[in-house]
C-alpha cells in the first residue's frame, strides 16, 4: 500500500486509538481542522470530542495536562504543532517529563508521546524550521524518534504510543507528502534499531530525517564514480543503535553524519564524538559532519537552501574523504 | 467625541493604507512572489489604526503577525517593507527575517517573535527604559485572542502592573486562533479585557470594526497610562476575513457568519462617514485608492528589481 | 458551621502531625542528616490541612515544596517519607528525588516539580482522566503566592476552566517568595483569588492560620467543583514563620511583624477550641505530641538504619 | 587581592555600573536580599531601586523585559537565580534573544547579559544542578561563558556587560566560595581566548567550570607518575578558541574533554567532534570525554558524587590513554 508519510502518521494514531481507548490526542487545531497538515482529519468524527481535543495556545498547560493524564492512566499522544514550539514548554519536557519517574519512583510511568512537525520548509524562517533533537538527547529520561519514511513513521509511532516512556516524536514537514510502501497488516518498529537504507562498502553516512533522502541521492551519484556509500538511518536517536553503526563501520571504516540542524552541538556532535571514542579502531579517518550552517534559518529561500545540506554538498564532502 | 476633519481624514488614510497593503500582500503571495506563509490582516485594520491614532513621537511598538501594514504606518517605507517580504537585500533584515519581521528600530518598532507571546514582554522592557530616563512616552504591544492564553502574556501583564510601566496591551480579538474559536480557547468571552482585573489594570472592549470606537477606547486608556497610572488592556472585537494563512479554506467555520462580519467593514464605515459629512467625495476616494496602489506597485517593482543577499552574507547581522 | 467532635479531632490531629513533621524536618536538617535544602512549612499547615479536609477517596493531589508533611497525611508512611528525605533506598524514589519529591502514586499524589509551576498543569491532566472515565472525583493543586506569577499557572487555570475540569487551585499565600514580599511580586493583593475571575472561576480568600476558616472556604469551592461546575481558586493567607530555606536569616523583613504573625498559630487556635469545648484535655494533647514525636523518631531511626542505593542502581527508574 | 569568585562577580557588576549608568540589574531576590548567594548585596543601597530590582517569579516576563530594555538603550545584566530556570524562558532565549538581530536587521543589538548559578551542589537534585551550556551553544546568536576562577569571572563578566551581543554567563555554585588573585586595577578578558591553566606535554584536558580544578588535581597526581598534563580552560564556549586547542594538541597529540553535564550531547560532544574533524592530524588517539553519567542528578550525595567526574576518575581515564 503506497501512502504518504502524513497518512502513515495519521493511520498509526487511528489504529492505536481503535485498539486502546486509553489513548487520546490533543493539541492546537487538531480537532475540526484536522491539524494544519490534515494529519488528524476525521479523527474528531471517529473518536469524538472526548478523545480528540483542540487546546488553547497554551503549550505549557497542555503538556502539563498530558503528564497528569499519563500518570493517572491515560495514554496521551499530544501534538505540538511545530517542534519549535516545544521550546515554550521546554522546562516541562526537559525537567519534568524526562525526570519525573527518576525523581518520584518507579510507579510514575509517563506513557505519553509528543509529536511535532519539524524542519525547514521554504521560508518558514528561524522560529519555524528548527531541528531540535540534540537538545532532547541531552535530557536523560526521554526517547527521541526522527523517522525518514512513511513505513518507519507508522511503525515507530505505534511503538511510541505503546511504550511506557515519554517519547519526543519528530515528523519532518517536507516528508509529509513523500510516499512509501506500508504493509496492510499490523506492525511496529522497536526503538533503537537502525535501518540500513542503502548498503555500501566505502563509507557510512548516518543520516537523519529529511537528510536520509539526500544522503541516498548523494550515494546514487557517488556510485557512478565508484564510491560505494552505506546509508544508515538510526530512526531513533534515543535509544541509539550503536551496534548497527559499529557493524557498518567494520565494513566501511569511514563515517559521516548528515543532519539538518545547526552544526554546533547538533546530533552530529554527539554521534561523531561517540564514534571516534568508542569505535576508533574501526575508523580510518575523522568522522565528518555535514550539517546546517550555524545561523538561524534565513527566510530567503536561496539562502535557506544554502544553509542546509543537499545531495551535492554531501557528495562533495564524501569525495574529500578519499 | 468631536473630531476635526483633518483627524478623520488621517484616520481614514491610515485605514485605507492598511487595507490596501494587506490586500496587496494577499495578491502578491498568490503570484508566488513571497516565501513562507502570510497571515492576512484583512478585517482587523481598525484595531491597529484606531489604537495607533493615540501614538506620540517617542512611543514604542510591538506588532503582531496579523497586520504587517502597521510597519508602514510607523515609518517603514513600502520599499523596505516589500523588500523584506520578498526576501531582498533592501529589506530591513536583508530578507533574512521576512514578512513577520518587517521592523525598523529607528521607528521605535521592537520587532516580533513568531513564537507567539515570547515577544510580549518587550513592550515592558521598552517602558522600563522610558521610566528609567523619565520620558513621558509609552509602549504598545499587540497580540491575538489565541495568544492571550499563553503564559508570557500574563507574566508581562503582572510585571507591567507591579512596576507601573506605561504599556498598553492590545488584544486583536479576531475570534480565531487558526481554526480554534475564541470560545474554545478562552474561558471568558474577552480574553484580553476580562483578564486586566487580575492585575489591577483598567480595560476596555471596543468594536474592532469601527476605527473611531477603537480610537476612543484607546484614548481613554492611553490617557490613563500617560498620566503615569500604569498599564491597561484594550480589546478590539473583529473577525478574520480570510483563512489563518493563505490556503486555509476555513472548513471550521460558517461562511454565512463570515459574510455577516465582512459587512462590518471598517473602511466602508469611514468612507460613509466622510461622504455623509461631505469631508471627501467619491472621486477623491477613488483617487486615494489609486495613489496608494501605485505607491505599492512601485515598491513591489523596486523590491523585485532588488538583489537578494548572497551566500557570503549569510552570517551578517548574527553577531555585532 | 456545626462540626462533630470527631471531625474537629481529626482536623486537629492532622494539623498537629503537619506541625510536628515540619518541626522535625528542621531539627533533622540542623543535625546535618538531610542533603540539599528544606523549606519549612511551619506557619502554613492550616492551608493544607483545612483544604485537604475536603478530600475524598479517589481525588488527586499536587503538593508544593512548602508542606512536605502533606505526603504523610495522604498516606505515605513516615518511614518512606523520611527515607526519601534522608536519601535512602527505602524512600519512594530510593533517595534519587529527595525532600521535594516525597510522593507515592498509589496515594494519588501526582509529584512535584522544583521548577516552580511547571507541575501546575498535572492536576488538570489528572482531572481530564477523571472526566474521561466519568468519575466524580477532583484534583487539588497547591502553589505559592510567588509562583502565582508564573505563566503556567495562568495557562493551567484557563485550560481547566475552558474544559470545566474538576480542579481546586490552592494558593498558599505565605506573603513571601524567598525574600520578595507578595506586594513586590504581584500587582493585586491576592495573587491567587484575584485572578480567578480572569478565567470565570469562583474564588475565596481564607484566613490561612485558621484551619476551620480554610476548611469552610474549601468546602464551598469543592462543592462547586464536585457539582461539575468547573475549577475554582482558594487562597489562604498565612505567614512563613522561618526563612525561605534553613539558613535564611530573613534580613528583608521585620522581626516584629513575624512575631505578630507567629501568634496567629493555627495549632494553638485548635487546641484552645478543643480545650474550651472540652473535647480534649491537656494531658491528651501532651500525649498526642509525644506519640507523634515517637512515631517520627522511629521513622527517622528506620531511615537512618536503611541502606542507600548503590552506584549500580543509579540508572534504575530512568526508563521503564 | 585575594577575593572569592562570588565577590569577583559582584565587583564586576559594581564597577561596570559605576562606569555606565545604562547598566541595570534585575532578577529574583537580588535587591534587599542581595541574591541567594549574597552576590548583589549592597547594590540596592549603592545604585538605588531604579537600577537594582527584584522581579516577580516571572522569568519569561523579565527576560522579555531585558530584551526590550536592551533594544531601546539600556544594558541589562539580569539574573536567573539558577541556570536550570533558564529553561522556563527557553524560547525567549533560544528563539528570540539569539535570533533577534538576525531576523530584524543590524540596528537590533541586544547588549544584555543573563547570569545564573549553575551546577551541582550537594543534594540540589535534578532540577537545580544542571549544566546547560551545550543547549545554548546550539543556538547561533548567543555568546556563552563559563569561567572557573575569580579572575576569569570578573574579567569575563565585565567584558560581557560591555559586549553588544547577548551573553549567557554561567557561574558555578561550588566555585562561589573559592578564592583567587584579582588585580586592583581594571581589566577585562576578551571572549574567545582560552587560558592554559597548567602547561603539560603529554595530553591536553579541556575542562570547563568546576571541572578545571578537578582536572588540575588530576594533573598533579599524574605528574608524579610521569604524565604531563596540559589543562586548557576555554573560558568561553561561544566563541571558542580553536587556535589555542590546536596549539596545545600540536604539542600533546592527545585530548580529553571534562565537563560536569550529562555526557550525551554535552559540551564534550561538540568539542570532541570538532577536534577529531578539524585537528585530526594532530591527534594520536580518540578524544576522550569525561562527563556526568546520563542521569538526572540524584539527591543522594554519594550518588551525586558518583555521577560527576572527580580528579580520580579523570586521572584514571588519562592513564587509559597511554
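Lettered A, B, C and D in written order, each chain numbered from 1.
One rule holds for everything that comes next: a residue touches a chain if its C-beta (ideal position, glycine included) is under 8 Å from a C-beta of that chain, and two chains touch if they have at least 3 such contacts.
Every value quoted in this text rests on a predicted model; they were computed, and no experiment measured them.
Touching subunit A and subunit B at once are the following chains: C, D.
A count of contacting C-beta pairs for B-D and for C-D identifies B-D as the more extensively joined pair. In terms of their C-alpha centroids, the spacing between subunit B and subunit C amounts to 45 Å.
For this pair, subunit B with subunit D, the centres built from the Cα atoms lie 40 Å apart. Between the Cα centres of subunit C and subunit D there is a gap of 36 Å. The distance from the centre of subunit A to the centre of subunit D, with each centre set as the mean of the Cα atoms, comes to 30 Å.
Counting partner chains per residue, subunit A shows two or more touched chains at residues 56, 58, 60-61, 84-85, 87-88, 91, 95, 102-103, 125-127, 140-141, 295-296. Across the assembly, subunit C contributes 93-94, 96-98, 101, 113, 115, 118, 149-152, 155, 158, 162, 184-186, 318 as residues in contact with two or more other chains. Interchain contacts join each chain to each other chain, per the touch definition above. Residue ranges of subunit A in contact with subunit B, taken from their complex: 28-29, 31-33, 36, 54, 56-61, 84-85, 87-88, 122-128, 293, 295-296, 298-303, 306-307. Listing the residues of subunit D that touch subunit B in their complex gives 24, 50, 53, 55-56, 58-74, 76, 91-92, 95-96, 100-109, 140-141, 143, 163-165.
Residue ranges of subunit C in contact with subunit A, taken from their complex: 60, 62, 91-94, 96-98, 101, 103-106, 108, 110-111, 113, 115, 118-130, 132-133, 139, 151-152, 155-156, 158-159, 162-163, 316-320. Every residue of subunit D that touches subunit A in the complex is listed here, in rising order: 84-85, 87-88, 90-91, 94-95, 98-99, 102-103, 125-127, 134-135, 137-141, 238, 261-262, 264-274, 276-277, 280, 285-289, 294-296. Of all residues in subunit C, those touching subunit D in their complex are 34-37, 87-88, 93-101, 113-118, 146-147, 149-151, 177-180, 184-186, 251-252, 308-309, 311, 314-315, 318.
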